[in-house]
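My questions will all concern the structure given below.
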Amino acid sequence: MAKIGFIGVGNMGGPMATNLIKDGHEVKAFDVVGQTLSRIVNAGAAQASSPADAASDVEAVVTMLPAGQHVSDVYTGTGEVLGNLAPGTLIIDSSTIDVATSREMHAAAADAGFDMLDAPVSGGVTGAEAGTLTIMCGGSAETFARAKPYLDVMGKNIFHAGGPGAGQAAKACNNMLLAINMIGLSEAFNLSDALGLERQTLFDIVSTASGGSWALSNYTPVPELVPTTPANNNFNPGFTGAMMLKDLKLSQDAAQSLDVSSPLGAAATMLFSLYCNEGHDADDFSGIIRMLRGKKVD
Amino acid sequence: MAKIGFIGVGNMGGPMATNLIKDGHEVKAFDVVGQTLSRIVNAGAAQASSPADAASDVEAVVTMLPAGQHVSDVYTGTGEVLGNLAPGTLIIDSSTIDVATSREMHAAAADAGFDMLDAPVSGGVTGAEAGTLTIMCGGSAETFARAKPYLDVMGKNIFHAGGPGAGQAAKACNNMLLAINMIGLSEAFNLSDALGLERQTLFDIVSTASGGSWALSNYTPVPELVPTTPANNNFNPGFTGAMMLKDLKLSQDAAQSLDVSSPLGAAATMLFSLYCNEGHDADDFSGIIRMLRGKKVD
Amino acid sequence: MAKIGFIGVGNMGGPMATNLIKDGHEVKAFDVVGQTLSRIVNAGAAQASSPADAASDVEAVVTMLPAGQHVSDVYTGTGEVLGNLAPGTLIIDSSTIDVATSREMHAAAADAGFDMLDAPVSGGVTGAEAGTLTIMCGGSAETFARAKPYLDVMGKNIFHAGGPGAGQAAKACNNMLLAINMIGLSEAFNLSDALGLERQTLFDIVSTASGGSWALSNYTPVPELVPTTPANNNFNPGFTGAMMLKDLKLSQDAAQSLDVSSPLGAAATMLFSLYCNEGHDADDFSGIIRMLRGKKVD
Amino acid sequence: MAKIGFIGVGNMGGPMATNLIKDGHEVKAFDVVGQTLSRIVNAGAAQASSPADAASDVEAVVTMLPAGQHVSDVYTGTGEVLGNLAPGTLIIDSSTIDVATSREMHAAAADAGFDMLDAPVSGGVTGAEAGTLTIMCGGSAETFARAKPYLDVMGKNIFHAGGPGAGQAAKACNNMLLAINMIGLSEAFNLSDALGLERQTLFDIVSTASGGSWALSNYTPVPELVPTTPANNNFNPGFTGAMMLKDLKLSQDAAQSLDVSSPLGAAATMLFSLYCNEGHDADDFSGIIRMLRGKKVD
């Protein structure tokens, strides 16, 4: 068992750190929110006084932070983590951030002599608690192999997507597809309703035809077809509109800076921006079907 | 075995009629293009002199025509088919047309005392030749049961989608989803390329993650991942851009007339319109990835 | 002064007919809504019992109806207007309808030996009452000259746009531009607000720069810059969202049937569809700025 | 007359500096491209050996650089300009860059005790040569007043848009509107052509109606209506597709970071991205009408 520093123990980081503790690791945790930090200390973590404190004298440090700016601050800015790591410490950044910042962090870690892995997750709070997250990783094969035992404790489907930043890249592409497919499904169900088709029939046909998708089979945006989807529960998340909007923005930032034409990605971003601006940022992202349907709500 | 009238024996109707002949049915065929008609006569069909001639004295009539206007002309206009059917003739319209016209034809058929099924197909020329078409049907359960033996000869996945027009409705929804998912995939692969991910890696990850779709697993728009896709063959169709644009327009006509907001459907229609206007109407629809990529073509 | 049949005397047709009466013409009116008909009779019109009655024994007939289907019904369907006109009667259709139906009506009128003008209007109820409508006309120069004296009574800017259907075509193009420019303005003001610019400053700069438009100078979607705009009056119309959506659909129907790529037209249609579905169909169309801004309303 | 440092003397900066020289100012110039620097030296400028050299011992420094990163490098990075200014030097940044970086530069300048103005221009090479640029300025009223005499030499319409970054903000909003209005016009002319309207007629009507815009009256994307537009000259710029795409990206970066929904801005960005990717980056931006029209080119 290892000593692990964990920085950022909120909704996602908290249960991830808890799973490491349950697996027998010693976790030293830090969070800027005192209440959040208390919760993980109650779950068995040691309380660190700063990011640098959490990261010192451990075998691995895991960060789970909101955006690129925070990650940059923690590692190379005022957080001073890079300067306080013991030699050989493994760095795992599970934050979902832009590829460019992620690659800057990789470069800074390499310059300082450390192995780093970007390892953004998907699966939401439920997946974090159950230890069933999907984790997409970027870094060398050796670093991936070093990190794998820890990742296996926090997730279930662990992918090595390629070199530095590849985990971020893969997640951005995947979630952009999820958003596009979900909006498409919403339009198709609304159109199908208007045309008088039974929803079960549309579901049965499209599931086995060329319009099928993971989103249709597992996250249908209308109720009663797939149990347990947010559509059955008044669009309680699940995966919020705000989180999907964040991921879409990351995809579009990358697309724009690399001159990649992404018309449906841009349209999806715009639609989730409308969805969040209307006050649905904390609702499940699949609830966008209601915005598209307007007042004609079932 | 039955006597069947077949009106419209072109790229799709020709092989469909041929499969009926091979199954032992007597087919009486008509087409406005002499050469097209000759081909099916050479394959064993009797030559009819007009739509009405093809439709008279048969147990079932099948139509496979380009658009709603043609279907309307053939059944209730100058084609005079409805007025020349023997009592009890079964009507199967396999044309892909707008739901409104399809329902008008159902109503006219019912008024004249005939059972009718709208039964648009998907699967392309290859599927028509192999008898493996997907067929989505609208009409009563009884009519569907009457038509099933014939449909089984021409297709493989035969769905009863609901009442009159439901076949058209289901196909419009499915193909709109296919178009949206395919454009999304194109954007994702272009972005992934620009970010430096391996295509095989993106494919492997997304296939098992929340961004997955039938289109990704079976019709990947980049070469070397899935054998036999048009991407491996310079985007020879397959399913042409022009056909996808036609189906998208049907979906958007329905959406607009029914006040259904379909932003990604509208964007997809616009993009396939650009694709066709640039001269790619006869290329496979998945070739839209090249238009999105621009000059930076692999 | 002339005898004029007027069919459709609602919100727009009513004040237009009233202006003809005030100018000294004898108006014989018909409307399917009894209350609407009573109102114009009180204003001095003779009451007709049917469209055909209104149209018989007059020098000119004017129609102001909601959609192509109604116009077609009135002239060549159950309304039987074409069959009941005295020789030489001038036909003016001021309805805003699709170009295709308008051209069919022109052809039917020509076949029956009558001069016809399509003459859709813009300017809203206010313009109809004040006799300051903009009227865009399609038909021969001779027909336009015959109609001009009547049009001058109802409108102010009278354009001869070309042959049959040209009035509809010009209006569809103009209003599509108005919708696009207005949404663009809404986005620009929302962005400008977020960036901390003064609205008056943005207005002053853009008005004299390359981003200027009629919509900015005359119909600014934020209050206090241009007096009398709906933005100063809680988006009371003015020109409703539903009417703009209708015109946009006409533009997109034409674009799709003619294979014209209209990406911003399609996007504008989708956005006004969302706007109306959210319950703003009776609000002014410029209120779409509020939908785009979301909860962050001023 | 004053001593002025000028950093970045390419296509735009070169003629701007030349106009300062012609007006009697002593200009000390720097550019990373030797040939570019030689040209302005031939026009009468003194040759500086570095940005810091150009900026030292002058009364005002003007920068005209491609992007935020360059501006940041020059002022606060390796260019070391801020550290080498004489007390009281006025800073004018005429680069078109993102608002965020511009505000960072303002803050750094203020910290170092200098007055700064962001002053991005529009009007293209022609306007730069003729001294008729439009210049949108951000900074204090005092700084604007100090800079005005120099700006009057380089431009014609000089606006004070507000505090730090306001020039950039105003330009981003204006050019986003220009892009949207131009694409709308392109769609309208293509639709109008397909509907059979005369272009001159559409122009005459819309120019005086509610769809009018600066772009229509001054930059019509079809030939023969307004002399001297790029449409009359095979879309030689003028203002290139690449420059419009750059400005649109700046608008969308700001919109996304501020959570402003900008659906038509996003669509315009995507369309100009396609236009540039197809090889039209050096063509005039109004040539996008040809891309939208496809092969059906006049």
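By letter and in written order, the chains are A, B, C and D; residue numbering begins at 1 in each of them.
Simple rule for what comes next: contacts are C-beta pairs under 8 Å (C-beta built on N, C-alpha and C of every residue); 3 or more make two chains touch, one makes a residue touch a chain.
Note that the structure is predicted; figures quoted are calculated from it, not measured.
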Pair joined by the larger number of C-beta contacts - B-D, A-B: A-B
Same-site or different-site touching of chain C by its copy chain D, using the half cut: same
Centre-of-Cα separation between chain D and chain B, whole angstrom: 50
Length of the line joining the C-alpha centres of chain A and chain B, rounded to whole Å: 39
Multi-partner residues of chain A (at least 2 other chains): 259-263, 267, 274, 276-277, 292-294
Chain B residues touching chain D - in the complex, by the definition given at the top: 267, 274, 276-279, 291-296
Touching residues on chain B, where the partner in the complex is chain A: 99, 122, 134, 136, 157, 159, 161-163, 165-166, 169-170, 172-178, 180-181, 183-185, 187-188, 190-192, 194-198, 201-202, 204-206, 208-216, 218-219, 251, 254-255, 258-265, 267-268, 271, 292-294
Residues of chain A that touch chain D when the two form their complex: 249, 252-253, 256, 259-263, 266-267, 269-270, 273-274, 276-277
